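Here subunit A shows up in two complexes: once beside subunit B, once beside subunit C.
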Partner chain A sequence: MNEDRKGSRNINAALTAASCALLGTAAPPPAKAEELPRWSLDSALLYYAEDNDRVQDVSATIAAIRDFGDERSLALTLSADTLTGASPSGAIASNRPQTFTTPSGNATYTTAAGEVPLDDTFLDTRYALTVNWSQPLGRAYKASAGVSFSTEYDYTHLGANLGLSRDFNKRNTTLSFGVAYSQDDIEPVGGVPIPLSEMLDVGLQGNKLGTDSKDVLDLLLGVTQVLNRTTVLRVNYSFSRSSGYLNDPYKILSVVDPLSGDTLVRTPVGDGPDGIYRYESRPDSRTKHSVFAEMKHAFGAPVLHASYRFMTDDWSIESHTLEARLRWPLGAASYIEPRVRFYTQTEADFYRSSLTVIEPLPEFASADFRLGRFDASTVGFKFGQQTATGNEWNVRLEYYQQTGEIPRAQNIGAQSTREQYPDLSAVILQFGYRFGF
Partner chain B sequence: MACPCELLIERIDEPTARAVLNAVATCAWAVEERFSRYRSNNIVHRINTSDGSPITVDEETANLLDFAEQLTVLSDGAFDITSGVLRTVWTFDGGDRVPSQEQIQKVRELIGWHKVEWRRPVLRMRPHMQIDFGGIGKEYAVDCAVSLVERIAPGVSCLVNLGGDVAVRTPRRDGQPWRVGIESHNDVGSPTTTVALHAGALATSGDSRRFVMKDGIRHSHILDARTGWPVQGAPHSVTVLAQTCTQAGSLSTLAMLRGQGARSFLEAQRARFWIQ
Partner chain C sequence: MNRFACVCFGALLLGGCAQLGVEPWERDVLARAEMSLDAHPVEAALDDHIYFSKEATSGGRGFGGGGCGCN
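On to the complex of A and B.
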């Protein structure tokens, strides 16, 4: 056996000599090649923390892509995140401490006078999975299909999507079309409250109706155009229509005195709220249109990504998002990427910081700050480095600042003397590692 | 070359790209013209129609003959450039025609490098014997092409692909590899493995498209010159990485000729290879 192996090795040496003699050259440099990994994985651990002990989120994501060659690939994303902390309930700050029934309906919590009420029973763990397959279809088309699933304590999402794109103009122009449909089931803690019903005492759940659901249809039409050797422009139009249960089942509105603006007091029979609060009511459909434009431009090695998004919907929310990041190589293996993002939105037409006791109940009302008028900006950077084996680790640090305001006309009596729309800031820290096998 | 040929060039100015393309195409055509046995105006034709008379060959042909002789020695006669006449009895078209032992025996009389008088630069073959550079020519053309590019456009990285035999001489400036898919033997057009090639050559021997099926036995087109029969137990395809395409092709051919021993042969070479 050893003899045979030795003999075989001599064959290779003899072939090297014979090949060089044939080609009339010295031996070229040694061959350098490696098998490409079939799987490439991108993993990330993200920590998001709002100030003043509001929401904290720790999330772990792993995205895996299996390349089958010829532009056929399978992409899987698995993520888990845990949310803890407190989020604003929608009730306004008042001149006295306020007691609320928890969403489960079996306890109460109290907010100090002058403070924006936060519901601190907020805790959830979410798991999400997406699977996507993409492949060419004939010579000119590329198709993709996928499904998504996520589950958390009070929410289940099931979705499917299809995409089709076609290259034109020597692959300088790509037209793409996408459609996605999802069906979400909502099973809030304590049940789905009847919109605009009053928050009840502990133990009373007569206004909670079990579960509800919504479905969302998304359509996308996009054009990607190579403008020149260093610039690519992408423009997308997207349409989204949600229908069904669109409320946040945990959000409430304070019912206030029309003159003083203070929350109306009630006396619970046993344990329960000491003010009058009503659950929010949103329309059961929402249609959004958005236009997104992104330009990528290479200034030599540095690459700028700049994008703008405009969104408008039939709830009268309009938003603008401007985002830019500049990837700046540092040496051959590292880069730094400063990034900024500005966001502004107008409030929904049914956004109300509070309800007055004398007016007839409106059909729709919500005091959710996310439907209010606010501006937000994010600044940060990402640093990444390639390892000797071709893997990459990176770290991203960002600071988020949000400032909102209640329309002046909605401030009643003493409300304007108290903070109604608290500023929010958050820190985002992410570690990522990209590798293949 | 009767096969798809491809040239990929790392981004350079258009005149240089045209010059490189021109050089590669000229090189491939020239090798085909000089050494294809299907031509009637070249040295191979003169040798094959020499009818027993001595032929004095040019330097390049002599180099190829020397190389072929080496392969014959290294394969103990399994590889032989005089074995091409077996094609008169074997037709590898996916059908079921297998020649009789008598037919093969008759042809075998015309096979055997040891029956050839080769004293560089003079070659003398018995009447009706033929030589065929088919097992070497394509890989040789790839190497000629990359060498030529290296001379006329130093520093330019390109990938030359002549019917699946590929070579890269100069690594890319952007540090990225050329991606080469190794085609699946049973699903033509879809790669099982993708190789990141910075420099070097990949050559494949295989029977994915050329074979005969008889009585449930798949006879590969890899014929053992000593017996006139297809090699038994050979893999469907063998792809080898080496410094030159000629070497990669030779290793893959010698491995195929080892039949079931292909893998252990290549392992003993410390060659980087992919077997299907």
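On to the complex of A and C.
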């Protein structure tokens, strides 16, 4: 092994250990005891852009791992991202222009007739920091502990996690357990709206309360198994329980005529909404179970990475995610990796495209497309190259597309003649560089 | 009874797993960096962040997504 290759493997070993700490999973046994560089860094610049002037996000991330020898390491990850653009508000398209009060309650915006209303007032910058320590515990165990923090204009996250893993069967089997707890504070622009309250005129804040919070408990049980000389498999079971404020404070529902399906008209006093809209209402707890399986198999030099995830929750959402990547070497130092991902989910039991004026208000209702029924696919590729010094740079380009539909039974009157569930397309472009010293 | 069943299942699983795997000197392919299941942690975290904000599912591989007001 020449010095360059050795350097690169050392970086990768350290990154692997750190990634396990970050992801709360068990570290695979090291291939070989080697003297590691003190620091390994993995950096990425990501550009995410949706079509039709919807969300755009630019983010920069750097993960730094300090190796202290004897499988002890400290991992720090810092990221910053800036988000701009428009997002569907939850209101449906109408046969006339629609005017809404902005979340701040200080202004209005108007959507043209026949178009799905987008709230274009989104602008946020987020900073996130994670710190993780991992080390062996006795002869057979490996432990990790970490904290995470993130802040943005209307949201603050504070979390902690612990992980423990043990190797069996000549290190061919690894059992791992992880637990994470987080406490998040939500301080929406203009305040937290009272669920199902009506959107009010500009300057009126009677339906907004101050701030709210939620906490999330995650448990993870995993088995990693070497199947043979060229195949490794991992299966995880995850449990996640969120409690507290789980609404999106900016999402609304249109209140419609039960026959025509058109949004009911109101006359604002001064500036304000010219239709009746209500803020969404989700349950204050959600329990999710998921099973995730992934496998890596080497066909000689090329490596196939395939994964599948099933998720079910007590909001009646079920989802399936299938992903495959084939890393194909190009010469000694480069590779290209075509990749595909398919995702499908069912709608939450309280998903409603609109509310009718004659029905009693339901306890829970949301028109957020992300709780609706849709399919999504991602296709793209990644290209990476190792430099003469053993570092690696890479670039990936992917195209993401969502196609959804409103359940037919929810279509009222003329609603089905208008666009209801706008398709979403996005480009994901990422540059990465990893190096050590 | 349930606990007993769990212990039996665990023992069977581990016993079954003992039949799989390789000897330490057969780890040449598995030791390649690209064979690590966590070869690209930063990219995995970015993906979790993107899909967390666009879909109703997150995590699975680890404690993915979360800590964001985007959902």
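Following the convention adopted for this analysis, the second predicted complex is superposed on the first by the 401 of 437 C-alpha atoms of A that agree within 3 Å, B and C clash if a C-alpha of one lies under 4 Å from a C-alpha of the other, contacts with A are read in each partner's own complex, and residues count from 1 in each chain.
Heads up, the rule we're going with is that a contact is a pair of C-beta atoms (placed from the backbone, for glycine too) under 8 Å apart; a residue touches a chain by one contact, two chains touch by 3 or more.
Here the structure is a predicted model, which is why all the values come from computation and not from measurement.
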Next on the checklist: Under the stated touch criterion, which partner chain does A:257 make contact with: subunit B (first), subunit C (second), both, or neither?
Outcome noted: neither
Next on the checklist: One more residue to check, A:223. First (subunit B), second (subunit C), both or neither?
Outcome noted: second
Next on the checklist: Per the contact definition in the header, classify A:169: touching subunit B only (first), subunit C only (second), both, or neither.
Outcome noted: second
Checklist entry - Who touches more of subunit A, subunit B or subunit C? => result C
Next on the checklist: For A:274, using the defined touch cut-off, is the partner it touches subunit B, subunit C, both, or neither? Pick first, second, both or neither.
Outcome noted: neither
Checklist entry - Is A:68 contacted by the first partner subunit B, the second partner subunit C, both or neither? => result first
Checklist entry - Of the partners subunit B and subunit C, which touch A:59 in the superposed model: first, second, both, neither? => result second
Checklist entry - Does subunit B (first) or subunit C (second) touch A:234, or do both, or does neither? => result second
Checklist outcome for this item: subunit A residues where the subunit B and subunit C footprints coincide 8-9, 12, 15-16, 18-20, 22-25, 28, 31-32
Item to check | List of subunit A residues in touch with subunit C within their complex | outcome: 8-9, 12-13, 15-16, 18-20, 22-25, 28, 31-32, 42-44, 46, 48, 59, 61, 63, 77, 83, 124, 126, 128, 148, 150, 152, 154-155, 157, 159, 161, 168-173, 178, 180, 182, 184, 186, 216, 218, 220, 223-230, 232, 234, 236, 238, 240, 248, 288, 290-292, 294, 296, 298, 303, 307, 309, 311, 313, 315, 317, 319, 321, 327, 335, 343, 345, 348, 370-371, 376, 396, 400, 402, 424, 428, 430, 432
Checklist entry - Okay, in this complex, where on subunit B does subunit A touch? => result 63-64, 66-67, 70-71, 74, 140, 143-144, 147, 169, 171, 175, 177, 179, 181, 189-202, 241-244, 246-247, 250-251, 254, 265, 268-272
Item to check | In the complex, subunit A residues that touch subunit B | outcome: 4-5, 8-9, 11-12, 14-16, 18-25, 27-36, 67-70, 72, 332
Next on the checklist: For a test of understanding, state which residues of subunit C touch subunit A in their complex under the given definition.
Outcome noted: 13-14, 17-18, 20-24, 26-46, 49-51, 54-57, 59-64, 66-71
